[in-house]
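Chains here go by letter, A, B, C and D, matching the order in which they are written, and residues are numbered from 1 within each.
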């Protein structure tokens, strides 16, 4: 077992535990903080995969923006912050069974297929520049690139339109 | 090196936990958190396959960038809807939003 | 990988420094709590009501516009890194992206989402 | 291979051989070397803060016609040490209603996030890491500082703390937008996100190529740190002390130290991104000179920050938000487009030719912006003239004490 594998296993345990707490903690603010820990764990996975750019983007976008947005939304939609009572619906065991079955099925599938344990090649040093080129390459991903910006524009317009009413301020 | 299937199994576990959260939670924001976990699991898979099968190409990276954008759009509109719903019903517990039940 | 190793070690040291100082502070400082000292500090006035009160929507709207601009990082930084090798046409595609982003800003502005109060 | 020309490589090699000589494995030796490097850099940063605290208090004191610290040691130089000893022996109070684990984690997280920025700063030429996403990394660790503030406000279980934390976070994330956009300009001009690479690409300092982007970066960073004139979050007169109202002893000091360190760190980043980092005469031959150059440049940027702090009054929160979203952000977007389009058209130019064209266009844009701001100001004055006539105070004055009974 190499050092990398040990790091991986520790990260996996922390991430999965944090994810588990995210979906089970009654206190929503705590759930959001556990979510942040889980997202940070995913960033470590990206670092282990040599996807430096994505490790950093994961932190900037998910922890720096999405998690903050969630904390704001939680604070905006509670009359009182301490959550009382049950937070799970009555059919939670259904969900648990479904999740377990899904996990078992996928694991069985993964184990059934022969997967390589070594990457085919090293990540080229220019991978970020390559990504940049591909995103604006007419034969590459220029349509998704521009559609993504339209999507973000639409999302902002929609969200501001829905959330913002003048009399509410 | 770390075997490829380790990543896949962790991602599957993360996805299952997210799925459980989406299905079992009552609060809408908590449901969205479950969705975030699922999206992250998908992204781990995309980048893992990129790293192990095609690190010299850009497809995996481009896909995950788009997933980031979609996740952000989903969160911003979703939370805005919850806030609008909260303003109308004074709750975002999904069981209690039952105007369209019948 | 070595870069990440250094950063991981540096993060560890970065956490260690303030932690060590706080631990020293905990060891050296007195510990004499009493109900008045550990009460919530509000200038001596009795606290009233729940602390975790509801906030105004404005915070959310700022965070929302911020989120859209934050995602742009994921697209524009690779574009900027590749910039030197791009033809003019590809540069203009990036500029189009920025223009659409500006349109988002202008919408939020005109809609009044950027007004405090 | 003299001690002067390669001091860091020399020491590193010596240590590496020493550790290997003890029979340690190659991997462990690397870890130990990195650990030593990290401790040295972090101690440098933290030790420097002690001086900065004295310097800033002294300078701001002089600017505001006070003497500043002058009792402990010559010129009050030992004052920070006295403060440190005092605060380290103070009681750390844990409020009853606080969420204790989070209450402790919050200041540590914030301070660690700021120290962590130093991991990627290229202190000297050649040595140090060439981390290919370093520029974004500085933004990413900032996210943890924001998180620390939310945690501090929320876990304190105090209305003032929570309100302040939310204001602070709204301010920090708002000003992160122009920061990120302004940071994109040097990345675009250098074609890399590695800070070492950005420094190496600056044959002409980027302050020449992008002076307005530097200004935006500087202003937005100062606002992110939350210093005067952007210190609403700890406006003593409004919300007591801000998000750290419940904190005391060393936990409070952690916030305080983090604030000073952050101020200098943005000076450091400004120097690396726009002022050529370690570049200077003879820096390549003698790396130590590079460190000194970088330090001086960072100190100059930091000093301007202190100067602004000592001079300007505090802004109102709506003014601050307007300034960010309706002035800095659009301007940063325009500058980004300008840099992208113009630099493409200047492909064949020499570095200085490129620099001068960029400078001319920046000056032009700057002049336009100033003209627009003037016009806007005049229009606003016409539409909403001040109630007071010339010679009178434009603000409401308290009623003149006709009788002594008014005062209490």
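Simple rule for what comes next: a residue touches a chain if its C-beta (ideal position, glycine included) is under 8 Å from a C-beta of that chain, and two chains touch if they have at least 3 such contacts.
Owing to the predicted nature of the structure, the values given are computational and were not obtained by experimental measurement.
If you average the Cα atoms per chain, which one ends up farthest from chain C?
So the farthest one, by centre of C-alpha atoms, is B.
If you average all the Cα positions, which chain's own average lands nearest?
Central chain is C.
Cα centroid separation between chain C and chain D, in whole Å?
14
Express in whole angstrom the distance between the two chain centres, defined as the mean CA positions of chain B and chain D.
Here the centre of chain D sits 34 Å away from the centre of chain B.
Would you kindly tell me how far, in whole Å, the mean C-alpha position of chain C lies from that of chain B?
A distance of 21 Å separates the two centres.
Which residues does chain C have that touch at least 2 chains other than itself?
3, 51-53, 55, 57-60, 63-68, 70-71, 73-75, 77-78, 80-83, 85, 91, 94, 101, 108, 117
Spell out, as numbers or ranges, the residues of chain B touching 2 or more other chains.
65, 68-69, 72, 75-76, 79-80, 83
If I count partner chains per residue in chain A, which residues reach a count of at least 2?
Answer for chain A, listing residues that touch two or more other chains: 4, 50, 52-53, 57, 60-61, 64-66, 68-69, 72-73, 75-77, 79, 128-131, 133, 135, 148, 152, 155-156, 159-160, 163, 168.
If you go through all the chains, which pairs of them touch?
Chain-chain contacts present: A-B, A-C, A-D, B-C, C-D.
Which of the residues in chain A end up touching chain C in this complex?
4, 47, 50, 52-53, 57, 60-61, 64-66, 68-69, 72-73, 75-82, 128-133, 135-138, 142, 145-146, 148-150, 152-153, 155-157, 159-161, 163-164, 166, 168-169
Please name which positions on chain B make contact with chain A in the complex.
Spelled out, the residues of chain B in touch with chain A are 1-10, 12-27, 29-30, 32-34, 36-37, 40, 43-44, 47-48, 50-56, 58, 61-62, 64-66, 68-77, 79-84, 86-87, 90, 92, 94-95.
Residue numbers of chain C touching chain D in their complex, please.
So the residues of chain C touching chain D come out as 2-3, 5-7, 9-15, 17-19, 21-22, 24-26, 28-33, 35, 37-43, 47, 51-53, 55, 58-59, 62-63, 65-66, 69-70, 73, 76-77, 80-85, 88, 91-92, 94-95, 98-99, 101-102, 105, 108-109, 114-117.
What residues of chain B sit close enough to touch chain C in their complex?
Interface residues on the chain B side: 65, 68-69, 72, 75-76, 79-80, 83.
Using the touch definition from the top, list the residues of chain C that touch chain B in their complex.
By the definition above, chain C touches chain B via 57, 60, 64, 67-68, 70-71, 74-75, 78.
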